[in-house]
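Dropping a structure here in structure tokens format, bear with me for questions.
To keep things simple, chains are lettered A, B, C, D and E as they appear, and every chain counts its residues starting from 1.
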Amino acid sequence: MRGSGKYLPIVPVLAAYALLLLYGLAAPGKWQLVAQLAFYCALGQAFNLFMGMTGYVDFGYVAFLGVGTYGMAVTISSLSDGGLGLGIILIGFLAAAVFSTILAMAVGAVALRLRGAYFAIATIGVNEGFRYLIEGARIWNGADGIIFSRHLKTALGRKMAMTVSTFWADIFVFGVAVLAAVLTLYYLRNKVGYALLALREDEDAAKVMGIDVTRYKIIAFITSAALAGLLGASGWALKLTYVYPPDVFEIHYTVEAIIIVLLGGAGTLMGPIAGGLIYGVSKYFLAITLPGFQLLIFAPIIIAIIVIFPEGLVGILKGKVHGTSLEKFVI
Amino acid sequence: MKRKVLFLSVFLLAAAGMVLPALPCHASDGEILIGHPACLSGSYAKAGEQAVGGIQAILDWVNNTRGGIAVEGRKASLVYKYYDCESKKESVTSLLERLITSDKVHFTFAPYSSGLTLAGAPIAEKYGMIYMDHGGASDKIFQQGFEYVVQTIGPGSLYHAGTLEMVKAIDPSAKKVALAYADDEFARSVMKGAEERAAELGFEIVFNRTYPAKVTDLTPLLSDLKASNPDVIIGGGHFEDGQLLNRQLADLGIQPKLLSLIAAATLPAFGEALGDLAEGVMGPSHWEYGVTFSEKGAKKLGKMWIGPNQEEFVALFKKAVGKDMIPDYHAAEAGAAVLALVLAVEKADSLDPDDVREALGDLEFMSFYGGWNIDETGKQVGHSMVDVQWQKGQRVIVWPVAAQTGKPLYPKPDFK
Amino acid sequence: MPLLKCEHVSKRFGGMVAVDDVSFEIMSGELMAIVGPNGAGKTTMFNLINGVFLPDEGHIWFAGVDVTRFPSYKRAHLGMGRTFQIPRPFASATVQENIAIGAMFGAAGGELNVEEAMEVADEYIDLIGLKAHRNKPAGGLTPIEKKLVEIARALAMKPRLLLMDEAMAGMNPKDIDQMVTFIRHIRDVEGIAVVAMVEHIMRAVAGLAERVMVMHQGAKLVDEPTREALNDPRVIEVYLGRQAEEFNAKG
Amino acid sequence: MLKVENLQSGYGPMQVLWGPDIQVKPGTVTSLLGPNGAGKSTLLWTILGAVRPWEGKIFFEGEDVTFEPTHKKADRGLVMVPEGKHLFKEMTVYENLLMGAYRKGAQEEREANLELVYSLFPILSERRTQRAGFLSGGQQQMVTIGRALMARPRLLMMDEPSQGLAPKIVMEIFETVEKLKEEIGLTILLVEQNASASLEAADYVYVMHEGVIMAEGTPEEIEASHEIKEAYLGI
Amino acid sequence: MFFEQLSGNLVQGLILGSVYGMATMGLSLIFGVLQVVNVGHGAFIMVGAFTALILFQSLGVPPILAIPVALLIGMCLGMIFYYGAVKPLVSPSGAGIRKVGRRQLGKAAGVFVAVMIAMRILSGVLDLNIAFSIFIAIILMYAFLVYVYGGRRQEKGPELATLLVTFSLGVILEEVVKQIFTSEARGYNWDLGKLDLGFTVLPFTKILASGGSLTVAVLLYLWFNKTRAGMAMRSVVEDSVGARVCGVNVDWQYALSFSLGIGLTVTSGVLLTMFIPVGINPYMGGGYTLKAFVIAVLGGLASPYGAFFGGVVFGLLENGSYTLLAALPGGEPFALTRFFSFVMLLVILLIRPTGLLRRKG
């Protein structure tokens, strides 16, 4: 574990993303599929950073993607006449990160005192409550949402705007995924990771060891939330150029994130990538081959996988490579 | 070892069995492919099911009754390729791109709803693909500068114009209008239109409140509404909350002279669900089973006519979905969008999207669905709505007078 | 100055008084036992000292600081270590990682990075003699090994005071003797004060502690040097019964 | 009455029992001694059916009950006082005792058994409407034993009944054990850390170490063997 | 006027709340015994709603008589789902862990292919949908694995796994119902007249639904406290080891309480349709799931009759707060009542995480 080998597991991660990216660039007409897969991987990676590492299930996670989306949408729709050019996107990302961080701090201060099912239910409450606040108090246009395709075209020009939403937005999603992976590995290999490991295993014992559990939980929570904000800003706002509250505060996305993380293996670095790819590809093929029936097929498969392989794909892989030279690449 | 190989091959076979039908289908010569990331599951499953049936019905008519499409000197037939986007925005983009690039479709259809239509628009624009919007009613879609988005559904702001005119014509003493509707983009744009039209016609808005889209109990809102004692109640948003609104008005004994619900009252299942309580309830509709648009009528107006007549369409629809299901306006507008494409392709005599888009811009025609004409942004302006009323378990078109299949029942009978 | 000082500490749960107005002191390097049957308030007392619960009344000073309202981790930073009745090592972490976590975040912690903490952990692995299990997940160890890992983890924190919750429950007399020797060694070599909580193993109490506090129904019954405490008629009356006579007769 | 042959079992991949053989004769107190982690509790749980036996046989009153589930064994009168009490803390003392009479066959004699328990532990009669969670440690142990007696056991297995109790109360518990044997002729299988006390109470003793029986005999024989005491009991 | 509306809303809230409470008891019961949060809760309510609808529409059975049918259907579903998917994750005696390796998977794949072929042939005869055939084949393959080789109990994070499993069970129900009945929203019209209180109007069906809910809650309370079977289940909640040594078949109690919980939930679907007999569609449950979570927390999450009480409080607050919020200028009061109820949830979780009824600690 010591010295230079410490960060080796990033190699397969980067390789996986590079391959995916190359496939998207090389195979004609597969870019959006690749983008969708990257979105799932990034979603899994970002979610895993908190859920996988602390064992807390944030059922209202999608709220952070939602406010991130709003961060970008509000920025573009209000600053499009400012002649900022591409700078507007940077400001949008900044706004997304700031919005989601603020929300995470507020939620964290309240909900992180709870555990288990209580935490999960409280976070559902945050997501739903926040959505109804936006609709009820008519914040950010309320239920009318923001459609800013036109603003994006004003700010960047028609051609650039189109390239941004069909190509660069996806590259940003890749960026978020890689960032999440790097942060995950960095945390795993440093004190933060050990603190999180301790609190995941036994929170009381961790406290007694001198670990300020609240602080480390909040670190993981905010990191994860900020990444979600960036993901919302790129994968949803920039890509789709509109935002409606019911679309972005849809609790289904949290469930997808949980499925992805569990399929791959919670708390591992490569798990969310494996999970995201499997989830995305199988969903895609079912949507194509059996349109209208994919959920009917997919739901029992998920149950089967969870019951039969509870430790996830990377969990199994870790068991297989244990004691071989590949071990240091797999976490 | 042998065992392993055996099992592996069995797995591969099973996997292959699942994947094989997914191989892209390319258009052979003489086929025109229409691609559609449909909503067959998730929140818009009901509308998606209808839309797919409507498209298949019209396809059947075009290929078998009409004998295909004349383009570039040959007769081409239409082929429909649809996937299920699960009413999810991520899937819309990837499936749409697959349709465009792998399946090499010639034209694309948008999924249902304004949001999902917007989600796919950048992809369609990128590939310069015609993108037929049959379920996104938002006016805002057409303020974004998209070039290939073409609307068939009428814009939301016009839904209640006829209803209010009807009240004014029949009962000038009715003044007080209450609006109670779902808090979402669609219902809001409809109600904004209604509000403006009501002001123009001299009505007084005595109540104007929304409720969350997936509501299960409206009692508090309705007791508030009851206090304002309106003559006319206009509201709704979706099918479920429309039913709920109707039901709970009756429960609370609120007796307006007129009740009009968007997107709910016009569907066949509405009367089935509410029974006697639906009596006299109205709703604006893009199309209705019973609308009397005909080839003759079109000729009278000097408009081009295409497509099956209404009975034929209903029969084709039932055949397409394989169930005894009555098509509603979701099916009709999706079907009408296909007819628009057919005419535009023949007019342009080309499959090139830009030529066809230009032809669509110039196109004006009538079909079982009614008029069809778009402005330069792609927004539908040629289609007018009809007002439907439930009378003795049947849906009767009561407004405009020209389309009437029965006299309006006004004031509506009290809820029992 | 005492290392730990509790003054009139009380704690209630609902209508039940778990700890009732307890005051006592511990000096640096002292070996003390808190004795009492189940439900006497020992564990609650431990949790109050340790910051798992905050007292309803009273004050606690540790190393000259008023820690009454401090959370556990801050008390740990001041040099308070603890083990649990049922050992609670981090099951999926290896033995080395477990002990390193103690070194990383404990009193000496904050300064050590991961690599340094791992080295410190190796020293303690040698001390408890579990070198063979260094890279094994702690969840797979035997109960006694787990207990050792937990003690090593607490020691790696470099504490000034070690609170041991039932360090000897479930051990046979021979193991108890070994553990007593080990604890004494810790005190003698590292100068750590130890407060051990003991239910009813008089052998351990007599061998280990210099001072005994007996608790009864949440209150402090006696706080005396070991020999006196075990002969105290009040203790015999409510707690030891006949066994004390036997024990005193033997010892 | 109870006969265990070559029993093997464990948790997950970890084998704990490596084939101990024991026998309990009717009307006796049989004691099972051994260090922590020897597998004594696992043996009791396996006999009771909560841990699945991997191999071996369990006979109760001549019938093979190896794979019978716990509740079936309880119906036969095989009752256990678990380590760590496991009371129903939110229920009253009376309700706890009623739950003891849950098994088939104990229902009819409920009132008589209740009398017996109240006579053994008069304090429980006084506290019958109190919630069990509010009792002192010793009283809670009485409820646990009382609850087991309510089932009118044929064989009572007691797992560490003295754990966590004041020495004074430990004495009372052992006195109760002897009383149960003598007055109502109960057969008892006793697992204890407290070697000296249980040697005193037992008619026959098994010494267990790492999942196997290392020695057996009358208390006197065990008491006499220094090797056994040194190696396994550490006395 | 204001007070007339407020009192009207409070009365409506009270009777709606009692139905909500009833609709949450199943969730609380399952959590109390198995520590499983049933994320698919709403789907079971939907099944109840369809039961009432179908019985009323095609057989003319009044919904009040649909209750025993719904309870039976629910308990059967509960049993199937418990043994099929939940038991391998939570059962205390899941300890008989057997390994599911490559060989078993291979055999299961064989079963899968065999069943696929059979279904393919059958689908011709029975006119079965291909997707349905695959669905059934997967279920059979899975059942083969779980029953022949046994499940593995998860040592770590069974909570998370059960969240996903119950969610997926809900999805399966929704999709199956959608395939059978389409996603059309339906309703029925059972009219028993109305009670006009002046400030508000109550149809007798609503009163009946509320009374039915109260009856169920009382019966459940009596069952838990006065019967041998109820005490056995309660003992499992309090201490499963203790229950085991008393001769309670803990495994069976787990199955029974899951099944009873589902039964209660399906039954509540019937009562809910008596209250709101429209909008019955496969996806109707989502909103109820979220409401049930809030209500369950109000009542203490693990206590079924606490949940009933929580439902009443929730109904009163949600309906009552509308009148207050509507008096504020601007904003959308209805959406704000939702915001308000979730804020309430957080506040309660913070100050009284054990719910409004239970004591602290």
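Details
Going forward, contacts are C-beta pairs under 8 Å (C-beta built on N, C-alpha and C of every residue); 3 or more make two chains touch, one makes a residue touch a chain.
Only a predicted model underlies this, so the values are computations on that prediction, with no experimental measurement involved.
Where touching is counted per the definition, the chains common to chain B and chain E are A.
Closest to the protein's overall CA centre, chain by chain, comes E. On a Cα centroid basis, the chain most remote from chain A in this structure is D. Taking A-B and A-E together, the chain pair joined by more C-beta contacts is A-E. Chain B and chain C have Cα centroids separated by 73 Å. Inter-chain centre distance (chain A to chain B, centres taken as mean C-alpha positions): 34 Å. Note: centroid distance chain A to chain E, computed from Cα atoms, is 30 Å.
Chain C and chain D have CA centres that are 31 Å apart. Contact with two or more other chains is made by residues 92 of chain C. Residue positions of chain A touching 2 or more other chains, listed in rising order: 132, 135, 142-143, 290, 292-293, 295. Counting partner chains per residue, chain D shows two or more touched chains at no residue at all.
The touching residues of chain A, when paired with chain B in their complex, are 28-33, 35-36, 39, 132, 135, 142-145, 147, 149-150, 153, 158, 162, 165-166, 235-236, 239-242, 244, 246-247, 252, 283-285, 287-295.
On chain B, the positions that touch chain A within their shared complex are 18-19, 21-22, 38, 40-41, 45, 49, 82-86, 88-91, 93-98, 100-102, 114-115, 118-119, 121-123, 125-126, 138, 140-141, 143-146, 183-185, 188, 210, 212-213. The touching residues of chain D, counted against chain E in their complex, run 11-12, 48, 50-52, 69-71, 74-75, 79-82, 84-91, 95, 98-100, 102-104, 107, 147-148, 151. Residues of chain C touching chain D in their complex: 16, 36-40, 140, 142-144, 169-177, 199-200, 202, 217, 238-244.
Of all residues in chain E, only 1, 5, 8-9, 12-13, 16, 102-103, 105-106, 109-110, 112-113, 116, 134, 175, 178, 182-189, 191, 194, 196, 200-201, 203, 206, 275-281, 283-284, 286-288, 291, 318-319, 322-323, 326, 332-335, 337-338 touch chain B in the complex they form.
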